[in-house]
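Note that the chains take the letters A, B, C, D, E and F in the order they are written out, and that residue 1 is the start of every chain.
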Amino acid sequence: MSNLQFLKPSGSLFVDRDVTRFSDIVKAWEGKEIQGVGLIGAPLSKSSISHSGAHLAPGTIRKALSAFTTYSVEENLDLNEWNIQDLGDIVMHVTDIIHSQERIFETLLEVYATNQNFLPIILGGDNSITYPSIKAFTKAKGRVGVIQFDAHHDVRNLEDGGATNGTPFRSLLETKTIEGKNLIQIGIRDFSNSKTYRTYVKEKGVSIYTMKDVRENSIKNIMTEAIESLNKSVDVVYVSLDMDVVDQSEAPGCPAIGPGGMSASSLIEAITLLGEQPKVKGLEIVEIDPTVDFRDMTSRLAAHVVLNFLKGKEKAKLR
Amino acid sequence: MSNLQFLKPSGSLFVDRDVTRFSDIVKAWEGKEIQGVGLIGAPLSKSSISHSGAHLAPGTIRKALSAFTTYSVEENLDLNEWNIQDLGDIVMHVTDIIHSQERIFETLLEVYATNQNFLPIILGGDNSITYPSIKAFTKAKGRVGVIQFDAHHDVRNLEDGGATNGTPFRSLLETKTIEGKNLIQIGIRDFSNSKTYRTYVKEKGVSIYTMKDVRENSIKNIMTEAIESLNKSVDVVYVSLDMDVVDQSEAPGCPAIGPGGMSASSLIEAITLLGEQPKVKGLEIVEIDPTVDFRDMTSRLAAHVVLNFLKGKEKAKLR
Amino acid sequence: MSNLQFLKPSGSLFVDRDVTRFSDIVKAWEGKEIQGVGLIGAPLSKSSISHSGAHLAPGTIRKALSAFTTYSVEENLDLNEWNIQDLGDIVMHVTDIIHSQERIFETLLEVYATNQNFLPIILGGDNSITYPSIKAFTKAKGRVGVIQFDAHHDVRNLEDGGATNGTPFRSLLETKTIEGKNLIQIGIRDFSNSKTYRTYVKEKGVSIYTMKDVRENSIKNIMTEAIESLNKSVDVVYVSLDMDVVDQSEAPGCPAIGPGGMSASSLIEAITLLGEQPKVKGLEIVEIDPTVDFRDMTSRLAAHVVLNFLKGKEKAKLR
Amino acid sequence: MSNLQFLKPSGSLFVDRDVTRFSDIVKAWEGKEIQGVGLIGAPLSKSSISHSGAHLAPGTIRKALSAFTTYSVEENLDLNEWNIQDLGDIVMHVTDIIHSQERIFETLLEVYATNQNFLPIILGGDNSITYPSIKAFTKAKGRVGVIQFDAHHDVRNLEDGGATNGTPFRSLLETKTIEGKNLIQIGIRDFSNSKTYRTYVKEKGVSIYTMKDVRENSIKNIMTEAIESLNKSVDVVYVSLDMDVVDQSEAPGCPAIGPGGMSASSLIEAITLLGEQPKVKGLEIVEIDPTVDFRDMTSRLAAHVVLNFLKGKEKAKLR
Amino acid sequence: MSNLQFLKPSGSLFVDRDVTRFSDIVKAWEGKEIQGVGLIGAPLSKSSISHSGAHLAPGTIRKALSAFTTYSVEENLDLNEWNIQDLGDIVMHVTDIIHSQERIFETLLEVYATNQNFLPIILGGDNSITYPSIKAFTKAKGRVGVIQFDAHHDVRNLEDGGATNGTPFRSLLETKTIEGKNLIQIGIRDFSNSKTYRTYVKEKGVSIYTMKDVRENSIKNIMTEAIESLNKSVDVVYVSLDMDVVDQSEAPGCPAIGPGGMSASSLIEAITLLGEQPKVKGLEIVEIDPTVDFRDMTSRLAAHVVLNFLKGKEKAKLR
Amino acid sequence: MSNLQFLKPSGSLFVDRDVTRFSDIVKAWEGKEIQGVGLIGAPLSKSSISHSGAHLAPGTIRKALSAFTTYSVEENLDLNEWNIQDLGDIVMHVTDIIHSQERIFETLLEVYATNQNFLPIILGGDNSITYPSIKAFTKAKGRVGVIQFDAHHDVRNLEDGGATNGTPFRSLLETKTIEGKNLIQIGIRDFSNSKTYRTYVKEKGVSIYTMKDVRENSIKNIMTEAIESLNKSVDVVYVSLDMDVVDQSEAPGCPAIGPGGMSASSLIEAITLLGEQPKVKGLEIVEIDPTVDFRDMTSRLAAHVVLNFLKGKEKAKLR
């Protein structure tokens, strides 16, 4: 055997023949019609109110994913037969933020149009990507319900800064891209919102579960309630996860961290349950800034969110 | 409109007209009689046994506070009508630690004397400020009960190092500034204390809730028990919070961190309950060293302590 | 009194005459027969698949231990009468990893042979030390049962890299050093293992408690079950703790961190219970890399593991 | 004397009656006509090609300045009689970068119009601020010569990203805001530029001193040559300092660091000489990202640049 | 144009049509005979005496290279016509260090045998790779002269640890792979070596230039002397650069840093001169540990070493 | 041979039989009369105006020293025959800074009294230790000349903070412990001092070499001038080194860093020359704060200062 067998691309991972890593089931998209799940990055963070390196998260989440395996020992279930497409990242414009948001919308719309069985997992970026992303999703899929995990309502006015990471749900509601009754906000936190905005979402018919609700109820019950409500009124459900819904001790790499948040285990339980739902056909993860994280802990949590979402899908399939 | 409208002091925060930040309800004290809550810093940490930058915490806690809003979405209650005075910090002497502690006593005593309706929130500094602070409080207010959240008894002898951050409750008990039966220690932790000191406080009649007690009882029950006991025997209650009562994973910025501590959510629940009590008229937060913290996480928790303390006060007011 | 009284070795800790630190009850071993507990370091980490500084952990754990006291306030129990020997570290070879592993085996075997009442607390190092360590333990003590806290099965094949930190239990089972039925794995985690290896351990008769089992049962019940099972079939029990069994938020300094792990408090409860068991006669702590930890938080947790293990022993003694 | 004398705003610096700090001679501008030097921040960094926190530099440079004194012991010369206005920062728009650049232009233009004796020291921000800044300067002052310290030509095309931190001198030359012959680039570095752009600037008549020129000539001679050339053809000279002209070992906090750069001492010598020149009437410092710096070292160097610029002015005055 | 144009692989760099980056002229090797320069990584660092992450340097140096351009503005010379092959990294064994060193030897030998016009740039790894690397070079090329930039002699005995990063030149001399008179050590530093080893190399006929020699002579003269000497007695020259020859302030990311080292500018001058020499046909860069570096400063310097080596080659070509 | 040969104290360094480390020639003092050089730590930093961890420097400097060897390859001179006593550190009081300074004075005085041939190398600590240290030195040795390397005059008034790290030379001059004409300050830096204090030292007859003097003259000439002057008027010379005399890029771990400082190589040259002087009989190194340093770079420089000081002594001995 040639001694050249040892030459491999720089940074190659250790190979154990008896282990399937998540990266083993991911392939770079080559343009064919996508069946099932794909990853796509939306590395926009110049739209953030505070300084944010969230545009780097698509890279760190992918790296975290590649360190985990495809096997759920808890369910004795393996994702190794999945075939996941990686569509890469949507390149952002350097100085035109509005145009960058349009690129997200246009790119997703075209991908959805030509890949009707594509189930997107969108890696932000900051929360401003949610508006173009869900706008494209709605155009492609019909009536959309949204389950939003977030410490914040994110319905800021657009006069004081434009379309920022604080405004996506304002834009979605104002443009009627989604209806208020089809938006469910989970994990809204004390001293991180304003009364004006709480009143606004209430008037729009949005359902709110504050952290008090999360602490005092089981996350399972909240999910059941949310899904039952949406199943009646929408065609598809999109899960929007602002990672700052999680407590600062478990998601230290979000721009706006604080105490009093959701536990990572509750989030993972919720995501698994959502994955099991047939109408849940889209997932986004936003607001992770790897430059302020500790050991990519928050990207590792994001990777587990992706894996447990797929575990939910696999569980539903096996039923 | 002039183009000079855009000139603002360096470091100004983003303004959203629909949001009231905590910093919007705080004003620098101008010397008039204070009605209600005020902040005052006691930036002393040279008195610490181990190297400590706790003198920087009054700055980082204020900064953390300014990032949060006045609105509790959990209780649908807004603090935006409050008017909080910021008295600044008590300047410490560079080389005379004893004199610095006296400055704390003298300054507080004079502030209390001329502002009888002042409810102080004191931002340390290390735990050595507790003795001069409570001494002044006692002189001004009568019989004082103290609820101390702390991993440690803090009754070290004064021979081995003088009045350090390990001795405040020794000084308070020895000088009879407070009576042992009016001191309640919560969160005392394994392998962080000595038998001699546990015996000492027991003999003085101090009530102790170890972390085992906290784990096995609800914090609500402990608080009820504590308040009922103090309500009978004191005029006012002072809450002394050494942030190291919280587990190292949630309060990583304390000098003496370790596992086995209280959860942040238990602490916040306890503080809110204490805020509701009419006799609770003082709060101090000590032992946060921002130079070893991660992303000011511990100062952010301190900010939530302040906010939930006020939430408790507001809840009581609304009844 | 001479002014030279103030000259002490560099780095001496503050002395409080009323406090016994853990370091006060530890003495450097001078070669006499050891009665009871001793510490011994196995600073090997070149055997790790990923870059690891775990060889530094024997130093940081000792340092963390010296910062805690001997007194359990929860149980009102003091370890101050204990006399713990520190045998130092087994020096590793610079370039011959296999030889380093043999040194661990040979050294431990000789220590066990000449110190039959020695109860070892072994400070790794990475998980590859487990094979030589338990091999020596078995040779010296007879039938050994192992309770392994670990996110991973650690039964990788030996073809793809030799005897690494991923293979120790493979080696132990293949060489029949321990029997599968006498191995109990606790805390096995989702997406961190492979189906092949789960099948392998199942076939060997190993008991597995996944994190789902840990979440859904009390750790106390699991421990009871485990101990009851082992008490019937083995002479002695060895506790192998890979610190990555703990969640990344509470043990951030392990090489392979992730979400979904055990809580530190469950671990400490388990260890205390194991300490109480007379057959439990060995403990190892591995996979802490101080170079990537935050404020030695993971070494501090390891110190509490040691302390609570001794607390268990002391509780059993006092019965 | 009242004990309240010790109450001072949080973060107050130590006062030594015999020392004048730079911050003692700086006052917040109150709108009156400015005579002489003023500081003004342009905290824009969203226009950067790579992720940059340069918008934070106006704050860190001011903080660094406040730590130094007004006294040059080398020249036995004191700036303590100076009266420097701090105009604050120009607030940037959150999402409209072009508008932010216009704000810089409009604000500076209006300030220049109403304050004809104002000598601006502009604190960036990234290098994209240079175009609006010099455009305003030209409008207000006539023919402007520019001495640019920079590792890069900064004449990138505007098609590939718009008006970024790589394009300011392209914009200035294309719009004929300045003439090529009146632009002198110093410190242009190997492997950090392209031949196309070098050809472009050469064709425009720009003077270039590469790092080879800087190494092989004295900085004093280069400055003399530059000033003599500009004195003939312009009304005023503006000094544009991209801090990445300095070697990475002495200015580690710039986004685009590398070896082979200018020494800090050469830069300071050059700046002092320029300060002495009567036609030099503007200075900007850009491309410091405090989030990646070490101990604000690069902002401290920027502070010394400001101080030595003023020293040059003072020396000229004393002649 | 399709909106899919914006989809690019995650982490793609900004593209400016007028700039050629170094990464634009590097291609992954596809196995054809290599003409000219190629990069090859030897990511071994388990052989180091102290803990080292030098195996990560091939990745960080490549990343640093991709951030620089192909254009030398100092010489007005462009490398954009070069075609550089990237052969990837030689995968190391996890636990068998000796075998890893053999892999380096075998791989290089085979590459040299089948690619006689290949000029290797070898990216370590630690200094232990030097022995297998030069052994292969000698086998393939005939009499080899070595110019070693290093703070240390690196001729440790092999008894006290085997073939470590401290022994390569001992092995080369003992095995007569190179002759002592054909080895030139430059930058040997005070208090970083032993008299025994200095005597050893002297006896072998090695030429030594200590840092005193470097400080008191021009690096140009030393290079001239060295090259003239080697040109007479060898067929080819191999340049071995241990980055710790550079002062700690300019190469902070080496395992064994200290003051009193060579300046980065002297190193770059020397490397450029060596690049110009026709007999210089190999370059290695070792002992960069990115895990302890600041902002990859040392890898950036390594990138400039590579670039200036090529600049030397290009200059020679243009003559 | 017993397998127990591999048991060594935790943290033992790699042993190469052919290398003498500095730590090999240092012994813990056992109380016998000291002949020659000894190390003694003065870990006081609570006296600093700004937050300082300089009390940790005696530990980090010792650790840095142990990593270097005894052999000067530049001079082909070995210190391996030296026998250096380590007296440990003078324990500081926790809360009484004045008393701590007295402990330094009393301890040193007693050590000097009973060890007349002791040549102290004193490891601070902050610069406040200089007053008690030189006071003891003067009492023991007669007329003392001081060569002070420092960016600052350090003659602050004592009213504004007491005996801090800014006042030692004020105290020495006011108490006439040393005469102004016997004090030589080298490296005094721009914008780091006040005119008042420069006037003060001038009036006292102190010699000042500013950084301009250092830049424009050779350090060798300055040293010759200084030594010639002192040799005439004093019995012994004490070298006081405040490490902040060195530029921030080479001594990044001092509390008060800035640009414009002395190079490390000039400092080392100066120290070597001073070591050669028979009247130079004391050395102190102060103002290194390891908690803000990068990789103990500043402590490593301090170690080289010690080594080169001894090299100077050895060179003088060999003459």
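As a convention for this text, a residue touches a chain if its C-beta (ideal position, glycine included) is under 8 Å from a C-beta of that chain, and two chains touch if they have at least 3 such contacts.
Bear in mind the structure is a predicted one, so any value in this text is a computation, not a measurement.
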{"item": "Subunit A to subunit E, fewest steps along touching chains", "value": "1"}
{"item": "Touching subunit A and also subunit C, the following chains", "value": "B, E"}
{"item": "Most distant chain from subunit B by Cα centroid", "value": "E"}
{"item": "Subunit A onto subunit B, rotation angle from CA fit, given as a multiple of 5 degrees", "value": "120"}
{"item": "Relative to subunit C, chain with the most remote C-alpha centre", "value": "D"}
{"item": "Copies subunit B and subunit C touch via same or different residues, half shared test", "value": "different"}
{"item": "Between subunit D and subunit F, centroid-to-centroid distance (C-alpha), Å", "value": "38"}
{"item": "Residues within subunit B bordering two or more other chains", "value": "14, 49, 94, 160-161, 249, 294"}
{"item": "Contact graph of the chains (line, ring, star, complete, other)", "value": "other"}
{"item": "Each pair of chains that touches, named by its two labels", "value": "A-B, A-C, A-D, A-E, B-C, B-D, B-F, C-E, C-F, D-E, D-F, E-F"}
{"item": "Residue ranges of subunit B touching subunit A (in the complex, touch as defined)", "value": "14-20, 22, 67-76, 78, 80, 249-250, 264-265, 268, 294-295, 297, 300-301, 304, 307-308, 311"}
{"item": "In the complex, subunit D residues that touch subunit B", "value": "2-4, 6-12, 14, 28-29, 40-41, 43, 58-59, 62, 86-91, 94, 103, 106-107, 109-111"}
{"item": "In the complex, subunit B residues that touch subunit F", "value": "46-47, 49, 51, 53, 55-56, 93-98, 160-164, 291"}
{"item": "Touch list for subunit E against partner subunit F, complex", "value": "49-50, 156-157, 159-161, 166, 188-198, 208, 210-212, 215, 247-249, 252, 256-260, 292, 294"}
